[in-house]
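Note that chain A is present in both complexes that follow, paired respectively with chain B and with chain C.
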Partner chain A sequence: PTGDSWGIFTFLCAALCNLPALPALNCSEELGTSQSIQKTYDLTRYLEHQLRTLAGTYLNYLGPPFNEPDFTPPRLARAERVPSATVDLDLWRGLTDNARLAANYRAYSRLLCYLRALDGQAGTAELRHRLGHFCSSLQGLVLSIAGVMSSLGYPLPAGPLGPPAPPGTPVAPNDFLKKMDDFWLLKELQTWLWRSAKDFNRLKKKVPPAVVTLRLEARGF
Partner chain B sequence: DSHIQYERVGADVTMKCGSMDWDAAVTWTANGTDIDESHLNGSYLILKNVDLTQSGQYSCYEGSSWHLKYQTYLRVGTPPKEPVLMCRSNNYPKGFYCSWHLPTPTYIPNSFNISVIHGTREMVCEKDVFPKNRCHIRYIQLFSTVKYKVTLTVTNALGKNSTTLTFDEFAIVKPDPPESVVAKPVPNNPRRLEVSWQNPSSWPDPESFPLKFFLRYRPLILDQWQHVELSDGTSHTITDAYAGKEYIIQVAAKDNDIGTWSDWSVAVHATPWTEEPKHLTTEAQITETTRASTSSFMPPPTTKICDKGAVVGSGAVAVCWTAGLVLAAYGVLFI
Partner chain C sequence: RPPRFPFPSSPSVSPAADPAVISPQDPTLLIGSSLVATCTVSPESHLRAEDLYWTLNGRRLPATSYTTLGPTTLSVALSRLNGSKQQSGDNLVCHSRDGGILAGSCLYVGLPPEKPVNISCWSKNMKDLTCKWAPGAEGETFLHTNYTLKYKLRWYGRDNTCQEYHAAGTYSCRIPKDLALFTPYEIWVEASNRMGVAVSDVVMLDILDVVTTDPPPDVHVSRVGDLEDQLSVRWSSPPALKDFLFQAKYQIQYRVEDSSEWKVVDDVGNQTSCRLAGLRPGTVYFVQVRCNPFGIYGSKSAGIWSDWSNPTAASTPRSERAAGGCDPKGGEQNTTLRRELKQFFGWVRKHSYGCSNLGIKLYDQWRVWLQKSHKARNQVGKDPSA
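On to the complex of A and B.
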């Protein structure tokens, strides 16, 4: 199945992915910005830990060679759609707080979207359960990052956060390539979580620990 | 003319005396010493099952004229076994280094060739001047999803061997141990020791890549270590030291999020502060001493026993608190 189901898939993804983008943070509670950053940092560590178990289970489900320790498949052009954490060292150092947060926000929003798609197709009940749980935690991370950005006065990145699907691209021409996509998705997710720990470490040091009281406007959508 | 000849341990070696005929009369020497005729087959020198002691200079002289006809330097050795390769990033995020060695010596010269492949790109590993068997790579990109593949090939005159390591950027991060570890007693505190240290100097950016630390300490007289993990700061006060006992203390470091723990630092020794014994000269001072020794039976304040610094397991906490209460009651009796 190609054309129709791809269109539906894209639509669903766009809908799903734009939902968490605008958190209704009309909270009158005081958010210590540095506490939010710490919380976000802790979430990335928690997710990284969760991912280890999830990835192990999922790769075993995909079967060999995907679950072999030294397996490094080539990266095909299609896999580039998954946002990569890899960045030039000096560029990474020079990122402004806004750019740093925005990169994280965009990446996890898209990764979440892809993961949710994975969830729909996963084979076993156990896998679906694990994926579902992970997706919830990942959504929590996206919201947390949004919270930090808002508290620092940065606008949330605009635009579609779902995967930009070039028209006519098939989901995956065959089973093996689909598995390869899955492999790289998990790998990029893992790398992003490692990178985020460093991103948030840097942010922690730059934001003063003083409590910032904010009144955030309700955002409907 | 002389040249070098490499042969394997246990091999049979036949040396010809240059261009001399098989039936020519010659004399062979090994490092200047004549070789017995029993080792000769005509003018050929036969060495069976050579061992390392047979390495040396072999010369062949024409029988009557004592002309030097041929000279060779025999080096007995072995082909290389699979080398041991290790790669590590002690200066993250600057880069990493790889170092290698052979598990057993070959006794002959070896050359090493290292190749580092990252995805499709081949990277240059710059050889270090010292130590010799080491090279380093600078990271161009950070947070890479693609593994690094390092292949080391050892070659010598008798054969070659190689080994390959494949790893993720994060997996090889291991800082050097903390430096300048100092442990000092705390005046008027018989159960405290103040420990301080510094980040390893090879770690380039502790601001963005903070380290966490692991401290272990024990009195010399005991075998069991106590451990404290510290997520920031480069100092810690031990508050449950046994009074008057000499302690041995070590610290290790790790990147906050990735990689593995460093080796333990150099060990430092320290003994907690003890009260100086007073000299008895007058009666007044004797009374003072008596009072002082009575007060020394008072148990130390409970907060010092169950401090955060002590090893705490959930069971230990319960014991700790109970002990605290008991001692508090005990202390009250002596006031």
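On to the complex of A and C.
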């Protein structure tokens, strides 16, 4: 919905530019976009780094063989709900910026839902704390991508972004399958972040950095 | 509808039905017990019992423990199980010959919890109540054990549950508000895991008997004039309780800069100042103070010491005698003087330990007398006929 896009865009304007929220599109069109992309890229790299520690700790909690270096369990049909990042790279690069950004936005929104549903009861307090911190950062990434899309004039993807399964469906029929689901969730998250970093790096080069002083003079500041 | 991306060619995407079924699935077992587990492959997988093998936590189980129960069913016997390697359960996995995972079962091996013990609580400034406890036995750590701290006013029926866990370590909880004073509380801890529940003994306490407070603020340490072996310590009463602290006790500890051995001054009483004596001249000292708010509202219990204040540093003046050098003339008188000084210092140290003002006054007077008599002796020393 357009209303949401403007809302997010205005918020990001205010946040990034420290200017009062203005409805005009050209308030910080070029100023914000390049910085916005850079911030998104930085956040992606930061999350990649955080995930390494989080995944290590979580997989140790799951126990061997999940924490063994070359472990690759089968990807069961049910686990296809987690958005997969392992895709034909040529196909991926052939997409428009809009489609790629939208795919990133949708994937991270869903991954965030799954992460939040990771068993909050079990595991050590340290693990729960790390997980909570990671989810906050990931939420930041979702908002950041939304900001980039809005500043480039793309509409946010519509429709429900949570896991498509109806609320009554059990997460996994047994504990071992749940462990496998958890493993794949972390693995896919890893691959998405790795690929997104490349996406934002390329996008950064397409958008020129703004000339700040000119803008401010024109507005009579 | 947004475009769907094609899925990867590998790893193998299994058919909709599970390739195999393990029984029992995710059992809970007592430490030392035995288990026979079976793996039955589905018809679609075209595998047979002899194509299968088992692993436990990633390690292959010996074929001697396998038994073929049917064309598609292989069992494994595990005996004298140890506690689970991780709280998420031991991973017992049924594999096909090429190493692929067909099915798995999480084994939860442990013990039911024992009564939590050593419950101790303290209240910071009568505003909250934090309690900590210890698990009853080590065996609980193999399984995820949930602890719930519960409390109720002794004469009122309703049980309450503490919400804020890990406030002061793993086995702790904090009750942040709505505490009643002058009424005893009953407090206990319930431990539960997959194997059972255990409830600790009930502890009864009155908030006023377990009060602690912040360390004393505004700790100042300063020299006492030119006296080279004394320092004066001053502090304020902790502000949160200053309207109630009629009977607080304080304790001081101090050490020299390069030592880790603290000296404790215990009998400070209710004052907010103290003089340290018997110190080394020209030395840097670190000083800390703490407070025990006992006797609040007439409570008879011992109270709980606050944390130590942040160390405050100060140095004693450098000794002037060393700079002066020895006077070779008054040799004999110096020996007698030294002996007397030694005896007196011994007496002084014994009596100036702590903040007994009597000792300090006498000591000051003696110091003044000593300076006078030292001058007199010097003059005597110069007189060859003395």
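Here are some notes:
Keep this in mind: the second predicted complex is superposed on the first by the 171 of 221 C-alpha atoms of A that agree within 3 Å, B and C clash if a C-alpha of one lies under 4 Å from a C-alpha of the other, contacts with A are read in each partner's own complex, and residues count from 1 in each chain.
By definition in this document, a contact is a pair of C-beta atoms (placed from the backbone, for glycine too) under 8 Å apart; a residue touches a chain by one contact, two chains touch by 3 or more.
All figures in this text were calculated on a predicted structure; none of them were measured in a lab.
Contact with neither chain B nor chain C is seen for A:Gln35 once the two complexes are overlaid on the shared chain.
Once the two complexes are laid over each other on the shared chain, residue contacts for A:Arg93 go to chain B alone; chain C is not touched.
Considering which of chain B and chain C touches more of chain A, the answer is C.
Look at A:Pro64: by the touch rule set out above, it reaches chain C but stays clear of chain B. When the two structures are aligned on the shared chain, A:Ser84 is found in touch with chain B and with chain C. By the touch criterion defined above, A:Gln50 lies against neither chain B nor chain C after alignment on the C-alpha atoms of chain A.
When both complexes are overlaid on chain A, the residue A:Lys187 reaches chain B alone and has no touch with chain C. Of the two partner chains placed by the overlay, neither chain B nor chain C lies in contact with A:Ser137.
Within the superposed three-chain model, A:Arg202 lies in touch with chain B and out of touch with chain C [touch as defined at top]. Counting contacts by the rule stated earlier, residues 72, 75, 84, 86-88, 92 of chain A appear in both its interface with chain B and its interface with chain C. Residue ranges of chain B in contact with chain A, taken from their complex: 93, 119, 139-147, 149, 166, 170, 207-210, 256-258.
Listed in rising order, the residues of chain A touching chain C in the complex are 60-66, 68, 72-77, 80, 84, 86-88, 91-92, 99, 102-103, 106, 121-123, 125, 157, 174-177, 179-180.
Chain C contributes residues 2-3, 5-8, 11-16, 18-19, 22, 25-26, 55, 57-59, 85-91, 93, 100-101, 103-106, 144, 146, 166, 170 to its touches with chain A in the complex. Partner chain B is touched in their complex by these residues of chain A: 45, 70, 72, 75, 84-89, 92-93, 184, 187-188, 190-192, 194-195, 197-198, 201-202, 205.
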